Amino acid sequence: MPIRAAPRHPPFTIIRASHIEYGVTDLARSRAFWVDALGFVATGQTDDALYLRGLEERNHHCVVLRRAAAPTIRRLGFKVHGDEDLERAAHWFTQQGLPCVFVEMPHQGRTLHAADPLGMPLEFYAAMEQTERRLQFYGEYRGTHPQRIDHINCFTPDVQASHDFYASLGFRTSEYTATEDTDALWAVWMQRKGNTHDLAFTNGRGPRLHHIGVWVSSITDIIHVCDVLATTGWLASLERGPARHGISNAFFLYLRDPDGHRIELFNSDYLTVDPDFVPIRWDLKDPRRQTLWGAPAPKSWFEEGSVFAGLAVRAPVLEAQPIVAA
Amino acid sequence: MPIRAAPRHPPFTIIRASHIEYGVTDLARSRAFWVDALGFVATGQTDDALYLRGLEERNHHCVVLRRAAAPTIRRLGFKVHGDEDLERAAHWFTQQGLPCVFVEMPHQGRTLHAADPLGMPLEFYAAMEQTERRLQFYGEYRGTHPQRIDHINCFTPDVQASHDFYASLGFRTSEYTATEDTDALWAVWMQRKGNTHDLAFTNGRGPRLHHIGVWVSSITDIIHVCDVLATTGWLASLERGPARHGISNAFFLYLRDPDGHRIELFNSDYLTVDPDFVPIRWDLKDPRRQTLWGAPAPKSWFEEGSVFAGLAVRAPVLEAQPIVAA
Amino acid sequence: MPIRAAPRHPPFTIIRASHIEYGVTDLARSRAFWVDALGFVATGQTDDALYLRGLEERNHHCVVLRRAAAPTIRRLGFKVHGDEDLERAAHWFTQQGLPCVFVEMPHQGRTLHAADPLGMPLEFYAAMEQTERRLQFYGEYRGTHPQRIDHINCFTPDVQASHDFYASLGFRTSEYTATEDTDALWAVWMQRKGNTHDLAFTNGRGPRLHHIGVWVSSITDIIHVCDVLATTGWLASLERGPARHGISNAFFLYLRDPDGHRIELFNSDYLTVDPDFVPIRWDLKDPRRQTLWGAPAPKSWFEEGSVFAGLAVRAPVLEAQPIVAA
Amino acid sequence: MPIRAAPRHPPFTIIRASHIEYGVTDLARSRAFWVDALGFVATGQTDDALYLRGLEERNHHCVVLRRAAAPTIRRLGFKVHGDEDLERAAHWFTQQGLPCVFVEMPHQGRTLHAADPLGMPLEFYAAMEQTERRLQFYGEYRGTHPQRIDHINCFTPDVQASHDFYASLGFRTSEYTATEDTDALWAVWMQRKGNTHDLAFTNGRGPRLHHIGVWVSSITDIIHVCDVLATTGWLASLERGPARHGISNAFFLYLRDPDGHRIELFNSDYLTVDPDFVPIRWDLKDPRRQTLWGAPAPKSWFEEGSVFAGLAVRAPVLEAQPIVAA
């Protein structure tokens, strides 16, 4: 099988996918969508950035919306165990010949910027400004009651290479799709925090962001936000779902924010903390892996994604299959 | 059995329980509870009254909160089929030697005030000012998403007399509680609109209002409002539940408003439109009629109620049972 | 507007849409779908028929599946108030020059077979064998927890004619779709029992059945049956949804049974008992009337329906619109 | 504060609370409750034991019900990272002067039995027989759809001692209750797997088991099992709830199995994987910590628990508070 075991003691300890920084073209419009319609908590806003978090989150931000000339992704953020892990990370990236540099970032402690072998811009930090958790401020709940960021899902031109890199950093595979004949890795779901995913990759033109996954505790809260979006001027933001994936068992809804950035609201995943957890293999030809039930995904869902600022997009190593992608 | 069949053609045609007028001592506090916390739609407010309705309602009001020196009930409101029914009602009440008088009421068409044989103040009308239904304004949903008034539940000192009177007006019995030995009527649920109830009576010191029932479409919306009330300063408003009644199959939550008026949020009832529907009998000793499951009801729930303005409260005909009431 | 008011006192009193008789080609397969997968209560089975009801229903059957050489609809069943209404119905149909005949039907009292002006086969009865309600036998709940039949939805070649006929029988219109320019009636939702519909008509090749609507109390029960169907061999039965209609506010899921007969599972409708309820008009060009949100309906949903046994299908009076139907 | 930080590298790596072995007096009755009513998956049954697991679990068992003369707890089971952790655990327990011995257990790999300083019997293992996950066999779902064991909650006569011991093994505190004046530790919630708890302790006569926590994905599934239990002869099993704890934010229902062993069905917890997560302190006098809302807990919930086989129960170090316990 094309899946590699993660080392028990990776070169440094990543805790979880933690945040993302988007370039957006109209902060007020973005705020209307993310805060007023979806119900994210606005931690703070400056002239050029809006900081958001979910209801259970104490970290200052899981989403940073930064004013930009065009929609882009600036950084994928990961929390590491402690500041010593940042030193070890810097050492390791340098050893691998990969770019890395310490930077100052508002509301975060020491922060390391780096890039993976395909050029995806990463950000590591251990400490972030802590805020008051709003989980039990039920009177403030709005929209879909977004609870927390859960994962980041990207198109990559080389799934095997992306998988191998993150496996070496300790990401463990929970599920994956492979081609039946050549057993080539088509898509992979990897995790650090003990549930289905922190990071996922699908074969496609990339690197590009496919979506971030936001965990919502109940199916009815996801249905409710469909009603809210459809009747408050955001009908066009509904791209796909609600339906259920075979992979990850997610009950899902895919949205596009005003800049086209894709968000998955989901729940119904499961724990993967057991070290003897065996990754679940799906065949690329099995339609249930992608849609256990639900309307077919629109073309946009297969093809569109957000580009990383300044990073060229390449054609995938594996040719597109006649019918499906994952 | 102590239940009487309703005539197919009653003296005038009542459509449903439609509204209630409460005396409340602090309109601002009442608004904070009913509108901000529970999510009722505020149709309008004057110096001394606040008019509320549910999300699906086009009638101008289902609840009128009127400034008063003490908490009281002013009127129980019922919609009749047309203005000709008001004439027939006036004629009939007069024939029965019961008080009735035509009055002017804001936002209502021609309106008849009357009283039943036990003195309960009733209000009949056919036309009420119509408003825009807010059912599909999902972005405005708050609190428990109250959908509509459903029924009115009263203590009466003589259940059999109350039942007989409303049966003669065409109210059909859906369920009732009777004593095992003497088959005396202890409590009764009666309806006009084709679901479990419009009007219910329980043996007790009365006449007093026990509660109004407000229909909420989902169990999760009822759980959510528990969370909201408990964390926005209204914890003390939660009197009983969530739990399920055997009678009516209601999944319920009982609240007390700032003046102590009781509100039931509920769902899970059923249709009773079939003319061959046979009333369901429960024995007074069967604890499941009252609590299919859930914590025991507090003493307040059995004993407390809202008095009707100017109407003396009398001891019940039937003696209280050693263990239970309904 | 093309909508006609229903008379307060129609020629005879219809209570509600009550049942349907399907011709099905494989009773065992039908039972596996309706009972094992969807969770209908099987009241009884003979060599050539299976009788089903919902969890709250005491009527012996709301669905009769009868062995047949080909999938067809045999009858649309309506409950009338009493046996005297059957006499009045027979008299009235005869007066109108429409066919009607009294017949013996198992498990029903006196039964009248008749046809409407377009030939749709109707069945009227007042009394049906009563069974024990299974609403509080929660341990037996399966599938989607189907609570009761709610309505019958048909393609008709002449919506205005169908509307006019049923309006004259006392069916009141809750919502309708009309063309913007000519104000021609395209689709109509009509009711007797006080909620959104008992009977609905859409312009199309007909008469044919589009679907029966089955009321399910919670959204989560509808999502759950998607999961059940998709993983027990019935994935192909999922035709459309879950999503929400603008018209009727229904949260819906459309299924096809093993013979292709369509079933709508739904909830979120509202009361229409008020005589001053003004029908809601939707323009044919407004896409939200049909899909407040959700994936576009598949072609099959617009075009396919079940034929009535022995009744020819005719082209509709109104030409199909370029984009949409309702 | 009385809370100790867990070492980043504990003496051996515990993954999570994994299973429990109960002594039960009637296996058939236990199976009727756990499997038929609650919906646990029966992995296997022998003459004297029944092995159960939740819907998402691949481990052979999370609950072992073993025939016994009296209701007892045999063992609390924890999964460790690998077999090398068992060696390190044996070494460490021996060093501490605590009992430990390697044993053979059916369906498990190498297994170490040990006891904590208060005598609670523990079981450590790394590998358990793996089974097919039933998460996507939705047609088999029954009862409350129990997804997985989540935590174990015990009475201890010395909360501080229990806390200190498990903190030294790497359990991190998510929430705790302390007395206002002396800041004495009254109750503590500790975790290894990154959510609110794996192990919790409350001051009381002990050591005794208070309950195991079983994670259920939706509130409606917890309400549904109340309906099922109340109507299938298990009404008496409902001890407390549904309601919400302030601590852990759990929406909960407490049940008693046929032998009186207590089970909590719950959800609505949150992630605690961040190393900079600061434990949440509740004051013992704050009633919301225990009941954010809901009926008061019955006396049995405060006082009753399951004894460990052969282990004496001692009076608690802290005196009971006049009003409350946690």
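As written, the chain order gives the labels A, B, C and D, with residue 1 at the start of each chain.
The definition used in the following text is that a contact is a pair of C-beta atoms (placed from the backbone, for glycine too) under 8 Å apart; a residue touches a chain by one contact, two chains touch by 3 or more.
These figures come from a predicted structure and were not determined experimentally.
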TODO: Among all other chains, pick the one whose mean CA position is farthest from the mean CA position of chain B.
DONE: A
- [ ] Look at the interfaces C-D and B-D and say which one is made up of more C-beta pairs in contact.
- [x] B-D
Task: Whole-Å gap between the CA centroids of chain C and chain D - done: 50
- [ ] Could you put a whole-Å number on the gap between the CA centroids of chain B and chain D?
- [x] 44
Open item on the list: Among all residues of chain A, which ones touch two or more of the remaining chains?
Closed with: 136, 218-220, 227, 230-231, 292
Open item on the list: List the residues on chain C that touch chain D in their complex, please.
Closed with: 37, 136-139, 141, 218, 220, 224, 227-228, 230-232
Open item on the list: With touch defined as at the start, can you tell me which chain A residues reach chain D in the complex?
Closed with: 8, 15-16, 56, 58-59, 79, 81-82, 126-128, 130, 135-136, 147-148, 193-194, 217-220, 246, 249, 267-268, 270-271, 273-278, 292
TODO: Please give the residue numbers of chain C that touch chain A in the complex, ascending.
DONE: 219-220, 223, 226-227, 229-231, 235, 238, 240, 242-244, 251, 288, 292-296
